[in-house]
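This structure is in structure tokens; I'll ask about it shortly.
In order of appearance the chains are A, B, C and D, and numbering begins at 1 in each one.
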Amino acid sequence: MPEGLPSGIFPPIPTPFDATGEIAADALRGNLKRWAGAPLAGCVVLGSNGESVHLDDAETLLVLETARDGIPADRWMLAGVGRASTRETIAWCRRAGDLGADAALLLPPSYYRGAMTPAALQAHYRAAADASPIPVVLYNMPACTGLDLDAETVIALSAHENIIGLKDSGGDVTKLGEIRQYADGEFAVLAGSAGFLLPALAVGASGGILALANIAPGPCTGIYDAARRGDWDAARAIQLRLIRANTAVTRGWGVPALKAAMEMVGLFGGAPRAPLAPLSDGRREELRRILAEAGILEDRWEETTER
Amino acid sequence: MPEGLPSGIFPPIPTPFDATGEIAADALRGNLKRWAGAPLAGCVVLGSNGESVHLDDAETLLVLETARDGIPADRWMLAGVGRASTRETIAWCRRAGDLGADAALLLPPSYYRGAMTPAALQAHYRAAADASPIPVVLYNMPACTGLDLDAETVIALSAHENIIGLKDSGGDVTKLGEIRQYADGEFAVLAGSAGFLLPALAVGASGGILALANIAPGPCTGIYDAARRGDWDAARAIQLRLIRANTAVTRGWGVPALKAAMEMVGLFGGAPRAPLAPLSDGRREELRRILAEAGILEDRWEETTER
Amino acid sequence: MPEGLPSGIFPPIPTPFDATGEIAADALRGNLKRWAGAPLAGCVVLGSNGESVHLDDAETLLVLETARDGIPADRWMLAGVGRASTRETIAWCRRAGDLGADAALLLPPSYYRGAMTPAALQAHYRAAADASPIPVVLYNMPACTGLDLDAETVIALSAHENIIGLKDSGGDVTKLGEIRQYADGEFAVLAGSAGFLLPALAVGASGGILALANIAPGPCTGIYDAARRGDWDAARAIQLRLIRANTAVTRGWGVPALKAAMEMVGLFGGAPRAPLAPLSDGRREELRRILAEAGILEDRWEETTER
Amino acid sequence: MPEGLPSGIFPPIPTPFDATGEIAADALRGNLKRWAGAPLAGCVVLGSNGESVHLDDAETLLVLETARDGIPADRWMLAGVGRASTRETIAWCRRAGDLGADAALLLPPSYYRGAMTPAALQAHYRAAADASPIPVVLYNMPACTGLDLDAETVIALSAHENIIGLKDSGGDVTKLGEIRQYADGEFAVLAGSAGFLLPALAVGASGGILALANIAPGPCTGIYDAARRGDWDAARAIQLRLIRANTAVTRGWGVPALKAAMEMVGLFGGAPRAPLAPLSDGRREELRRILAEAGILEDRWEETTER
């Protein structure tokens, strides 16, 4: 198990399905082997890109087991196991821990969002963290949950010894700065999208969980490494070059585009489960062009950090 | 099984939990017996007030079975079994049908809401309706899903022979009017909240699925009956008297308040599951006052329609 | 000056511009003459459809003068003279009163919407109503202001003796019902769009300020009259038939469509001021088709109430 | 007149009012003299903090004249003169130019926001820039306008030779990065809030228009200078220290807090115009504490850049 807090670059890996719509465990193994050769700090399993909400319980367990097997032991495996109820969340933190996950990445409950006051959210996360055998990472994803964890809530929760970090996909870097300044010292702030990785690092983030890192681990890690060595001009050049490619596989066209892009770099992609639809042929060509412009299709993608 | 389309008043019943947090099946049976004596057209099981998202699969089955047993055979049982994936939605429509539900009430998938275009939603609902052994009722609930089914989508889906209606909790009565005017003739529009029942009836709704009907079936049915017999002044008087009581148990304080109110009228209420918190004592007193002002606590609530 | 509270149907009249973009006062006079022959309770001048925000001070005065001259003395002239500051709002209420307006229709200040708490809004409206020589009508228009007056605020303000009503374009009929139930007795609730006129009447509104009434005063008044005489089926039939025509000239295509529609029924329409653009030819044809389907183009539009 | 594009740090200066609510021109002169001694690149007059929407035409002219007189000739004077109509916007660009402003800062028209498509906004800004005698800076302020200029629109407009930059207060740094990468080379991106100044600089912004710079020009310029010389650790330390002070005088408590803070550092503050209310005594003490913690009250604030 990795030591310390999560830092560096993590891909939130998609769950592959075969032509009949069943989980393609072999394809997942193949993908994991390639990511294992890339300069990554670990993987997030069953995040938003993992289509967690499309899986039943047995499938969820299968993906967790397969992932742990394929993620090197010295790298982080973060498992997206947040559920709508506190009791189910706890149950799944335990299962994830049993299966070797290093941390649980927990979305806030959001169905009854009108009732999810800061106090309710804090009580939920504290109860989960108290009971979870593995550390908890908060997961703010307003575009999917319709609920935005505020700075006060995150700062208050950072003091819990079993809550070790935040993945923020909202992109409010003012908030990330405030959290960095006032959160507990033992708390990692991770950017949730490659679109604002460098701005997040500028205010003290320790890395990112980035859909784009599935297909461009070298450039993503390149931004991180350049910023760490103080070469902000180099970091900016990579950052700006990647923005449209990142948008295409995230808030633009989402999981279907990410899966299509994976195929373009030699990974298994496949189709998402309905109601998500496979990327249309027209968009696929546009995506290929965008990735080419970003330099993502050019070379052997995984082996080295871009400098 | 009831004939024709759903019409009249339906309570979306809460799922009772005992002091240890487990499903209280006996309490559910007791509640159902009382609703069976009230002037209601049936019950919705596992809607938003049923805390469907807080239940695991086995619990979901238990609630469906228990409900079918307690709902009179000549009344509707609508089962809230929408899921995030089309395949899970279909699987649950089948289970609900096997257990005797008369229709499946289906929330739209909403996690990847950015991808839920009208085309994607229509494909999802058509696939579900094609495969479901029981009719489908669309369920628009923007406050919880962050996604608002538009008129065009609903009108297009109304032509499907196995899609028989809409429960709308959004409250845009202009939209309800447009749907009523342009939807298929064999399609029921049901108000999703007692707050706008009469306005919805004014534009042609055929009834309502109303949280308030759990605790005030007589007055709710009274609005419906008065409007049907053309006595809009009487209907308005009841409607206006109920608005604040309805707000308290819906968008105001939600499920915890509805459960507390149930106790005040002699039903089993109990606590919701976390992260929902039981109503505080202060709000409980305020709620009692609001219900009293609305005349809900005054008499034997269930036996007759208010005139 | 009309007695009592405003009731019945009012068009919020557009401001006509000539080919050079200047105010076409003669065209306005011609339009007013036609509306004077229609079954209307008065006119709203310089509302959202009047492009008030596009006029300078001198133009504003010219429109007010011209309107008062053309609106029969026994009909209401409501003047949209809300401004961003309390002091300018008061100054314009006085000017409108001097020019013969019967009431001031006041949008809430909304630029600093984050600061527009209920207390701030109440203080603003009370100060305006205290100083205004003519009664004040509140104007809730969230689609344009990004700010939604809540029920508590409106109910509290209804007690002010110089605040006599609300035009609500938000369409939340639950809120309208609550206001009707708890507002001061001497307070008029007016629907702000023909899309929900009948639902608003169902919960006690006393009329409507309706863009559609500019081009279809007969049918709009027909809904009102039918509901007042208790013929809700007749009212519903007209209401449902008008919905898409109303949408086209309001939240669909807005002022440019209303002006185009006015030309189709023989009124002066003309172009809006930039940045609003004239309706495209394609939409113009679609609009004509929609109005024809709603029966608006068929006959001499203004003379009689539809029954 | 300054050469090149705007860069560095600019305060958007408040408009001072005296005890009777009239413009306090002498107080404005006094404030301008102090800012002239601070390390600033110029001033923005009549932005959101200048309460432009609270002024009548004569007052607007007075503020512009007074400001030009007090801003050193070699520093930028940007004038906030956007109006709801294109023709009024053009008229005010001309007036601002006549009075010596170096550029016009133009909010998008937003009252008819439903009609403000990218095409409509581009047509508006192009028409204004074509006619304006002084360069135009786009002003994105979604919190006040309810309208968010998108990257495509800004990039397209950047090609216009008389459109020289963007002030963005929305804080979406992914968008700022995309604009920086794809906009015309002769186009300045300016952060609109000190909360995300450093993140914006990280993706290539050339400075900021910052409410906080009214009261803390040294620290704000310190972030800018440190980033320019490559000392991102120093820049980050200042950035994080300032976040809560910035929030207090911007999206937290707004103009009333900024005016109160100005008094705490020896500038003239005074009250805002209603409906904005002066800061309460309780918040004033809390503000003083927040500013003290940020080190803003400690020393002679204006003379040197913080390092």
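What we mean here is this: a residue touches a chain if its C-beta (ideal position, glycine included) is under 8 Å from a C-beta of that chain, and two chains touch if they have at least 3 such contacts.
Computed from a prediction, not measured in an experiment: that's the story for all the values here.
Colleague: Same or different for subunit C and subunit D, when you check if over half of the residue numbers at their contact belong to both copies?
Modeller: same
Colleague: Farthest from subunit B in C-alpha centre terms, which chain would that be?
Modeller: D
Colleague: Mind checking the centre-to-centre distance between subunit C and subunit D? Centres are C-alpha means, answer in whole Å.
Modeller: A distance of 36 Å separates the two centres.
Colleague: Just how far, in Å, is the C-alpha centre of subunit D from the one of subunit B?
Modeller: Averaging C-alpha atoms per chain gives centres 50 Å apart.
Colleague: Whole-Å distance, subunit A centre to subunit C centre, using C-alpha means?
Modeller: For subunit A versus subunit C, the centre distance works out to 50 Å.
Colleague: Quick one: which residues in subunit B touch 2 or more of the other chains?
Modeller: If we look for residues of subunit B contacting two or more partner chains, we find none.
Colleague: Quick one: do these chains touch in a line, a ring, a star, all-to-all (complete), or other?
Modeller: ring
Colleague: What is the complete set of touching chain pairs?
Modeller: Between chains, contact exists in these pairs: A-B, A-D, B-C, C-D.
Colleague: Can you check the complex and tell me which residues of subunit A touch subunit D?
Modeller: Within the complex, subunit A contacts subunit D at residues 171-174, 177-178, 180-181, 193, 195-196, 198-204, 227, 230, 232, 235-236, 239-241, 243-244, 246-247.
Colleague: In their shared complex, at which residues does subunit A touch subunit B?
Modeller: Answer in residue numbers: 21, 48, 51, 53-54, 56-57, 84-88, 109, 111-116, 120-121, 123-124, 127, 143-144, 146, 251, 254-256, 273-277.
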